[in-house]
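In what follows, chain A forms one complex with chain B and a second complex with chain C.
Let's turn to the complex of A and B:
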């Protein structure tokens, strides 16, 4: 695993790496990125590079995470000097700073009020509207957050990030059919995203396990999406993990499955034909083999196999150990 | 391999330049020669001697081989192979640094912005970043002694 990087930070910044990254702030901030000279001369002496502002933005996020408010404020002033106060992204960064300064609910609601005002001034400020959803979420007003997010994707239906967020909001409320719908919308825009397929598969699986009896159509759909995710990425640990869990759940169900009794029921999901028992068994074997390989080669530190998350490997190892197979 | 490629490239360039120079010399000599073989109005190109021809072809071949050998490794064109190399080895260093002395890394998961594939839910979805949650996690970590 390589060191976390300010230019292309990982999705999950652990506290340790956040501390490590934010400690770079004094060094990076010691030199202002823009020149102090008047306009034509400033073009010559500027030290900006295409990566500069990405670095600053990421540094801003980690500084906020570690509570280094002085550095965050300094970066914010760099941003507003360079891109003006009215730039939407600068507005959002300032809002983020204020959100983290809020010490209690009342102060956070004041930030929310400010967002509301900004949105009513210009309803096309989608970045601000996203922040509003996030604030509502941290105020734990899930219903309002969902409502705001629904309005967001209604007005901007190609916003995949918004659909993904809405799906997760629904999932947190155990509204799986709605969450599945949102993830299907994500797939419309990103059909090649293995992560979206795996998430959709997980949602189908959850909707089946939350029902009183396991539903074979849901599990079948889940299996299909997991298969698609590993078709798109043939070293995808999460996909193989899901495939293994799913197939070991499906095998006993399919063994007692009577196709003739199914015809009497008339569900919407009726057209989802369950997979053959042999196919599922083969898939389970495949998943076990591949998970074993990933865990073994990651453990051995083989070249080109070290990009996985430690926690994911641990989970896969646990799953394999449960079966009594010794991997190492 | 890089050494061999460099040798081939240098040799190829030297011999190619030499062959071109020889051709030019040969051409200017035969063009000014009084014993012209052609008597027709159409100016005919004097043929290149065999040794120059061989030198030309050999040097071009050496240069081509050198260029192919010194080119970077090809990237996979199959989606699943490409994406699996991303998940297996993570981001690789490109060996370059920005002005802020930050390492430039190669490509990673292009769908990270969806936040569907991270350890904690929703992380990577920048527009909806849960700053308070992230700071809460950090404060908890510090209070717990700051160990990994």
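Let's turn to the complex of A and C:
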């Protein structure tokens, strides 16, 4: 994995790399992006490029993450000077800053009130509406957050972020069928995202384990989505992990599974035929082997195998250790 | 071996400095000026209302459902299809449910369409005025000059292209007149503008015409009846054949790893 930089930061920034990135702030902020000269001359001396503002935006996020409020404020003033205070993205950045400055519930509610006003001025400000959902979520008003998010995807049904967030909210309330629906909507927009496949698989698995008896169709769906995520990315640790968990759960269930009695109970909606027992056994074997390989080669620091997250490797190691297989 | 007689015309070297170079420089400068004028004249695209956004995005949702349906299991696809088809047929997502079934209004009376036409007019205007001026300028000052000789031979068909404004029949095609040089620069300066102004400049005619094809118009322009689009999409959804990509994924995966 390449070193994190400010133009293409990873989706999830670890605290260390955020600190590393935000320490670049004084150097970057030392020269302002826009020229101070009057208009026609400023065209000549400006060093602005399309990347400039991406860099600033990402720097802003890392500064907020590391608590460098002074730099964040300075970047914010650059943004509002350049793109005007009424630009939607500037509003959102400012809102983000204010949210983080809010020390207690009352202050956060003040931010929320501001968002409400902005939304009632122009209901097509989808970015602000997303922030509102986030604020409601941090105020732990889950029902309102879900309601707002439902309205958002109702009015903008191609919004992948909105669907993913709604799925997340439903999941936190243990409403798995709804969450599954949302994730399917995400999958429709990005059909080749292995992450979305794995998340959907996790939801199917959770919905099965929250039911009183494990449901074979849900587990089968989950298994299949994990398989698909591995098919799309053959070094996907989470996919192999899920495959291993799922197949070891399915094997005992399938051993005393009677297709004929089952069919009578569930002849209405279940169209998912459970996999064959041998197939699942082979899949478990595959997952175990692959997980072992990943853990071993990560531990050895082999070239091209070190991009995994430390915590994910630890979880995989624990899973393998539980079976008594020593991987070193 | 009779070599054709090479025509030689003794040209004043001042022709280069006082005609060829000024025309070129003026052409480049007008292009740059036009670019900035267009940037100033451009009106910001009109903001769509919430209902219009919803209408457009709901249609897109149907299209993505149709194109990516193979990630869904048969049962969830069927339920989605049933919902979408019904909603489309009822016109649930229409921005203006009242206008359903009525013929589209005349585009001339529609203010949104008028605005688009105004934009086009402005673009054409910024094209026409400088060109008329420069051509008049060249005609007035430099007409009838032969200003350079191309380093390669050409067929006589190019005569009218390269020697407009010089009425001699026997002059070799390789000689270029000043008016023709103006036309050559007019059509051939695009790479120069790309170099100076970046690739999506509006300095030239050709790009200008491309830009006039409004990007929003393709999806759901004012000419198209959204209700028709929805009904069309409902029909597409109804007839589509569903294949689940997760069918047999376990066996595919095992085959991939050779187990």
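Note that the second predicted complex is superposed on the first by the 320 of 328 C-alpha atoms of A that agree within 3 Å, B and C clash if a C-alpha of one lies under 4 Å from a C-alpha of the other, contacts with A are read in each partner's own complex, and residues count from 1 in each chain.
The rule is short, and it goes like this: a contact is a pair of C-beta atoms (placed from the backbone, for glycine too) under 8 Å apart; a residue touches a chain by one contact, two chains touch by 3 or more.
Please read these numbers as outputs of a predicted model, since none were measured by experiment.
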Greater chain A contact set [chain C / chain B]: B
Partner chain in contact with A:157 - chain B first, chain C second, else both or neither: second
Partner chain in contact with A:89 - chain B first, chain C second, else both or neither: neither
Contacts of A:194 with chain B and chain C, given as first, second, both or neither: first
Which superposed partner A:231 touches (first chain B, second chain C, both, neither): both
Which of chain B and chain C A:113 touches, first, second, both or neither: neither
Which superposed partner A:105 touches (first chain B, second chain C, both, neither): neither
Contact residues common to both interfaces of chain A (with chain B and with chain C): 231, 234
Partner chain B, residues of chain A touching it in the complex: 1-3, 5-8, 10-16, 18-19, 27-28, 47, 49, 51-52, 55, 61, 64-67, 96, 99-100, 127, 130-131, 133-134, 137-138, 160-162, 164-165, 168, 186, 190, 192-196, 198-199, 231-238, 304-309, 311-312
Of all residues in chain B, those that touch chain A in their complex: 79-81, 83-93, 98-105, 108-109, 111-135, 137-142, 146, 148
Of chain A, residues touching chain C in the complex: 122-124, 154-159, 181, 184, 187-189, 191, 221, 223-225, 227-228, 230-231, 234, 269-272, 275, 279-280, 282-283, 285-286
Residues of chain C that touch chain A when the two form their complex: 47-50, 53-54, 57-58, 60-61, 64-65, 68-76, 245-246, 249-254, 256-257, 259
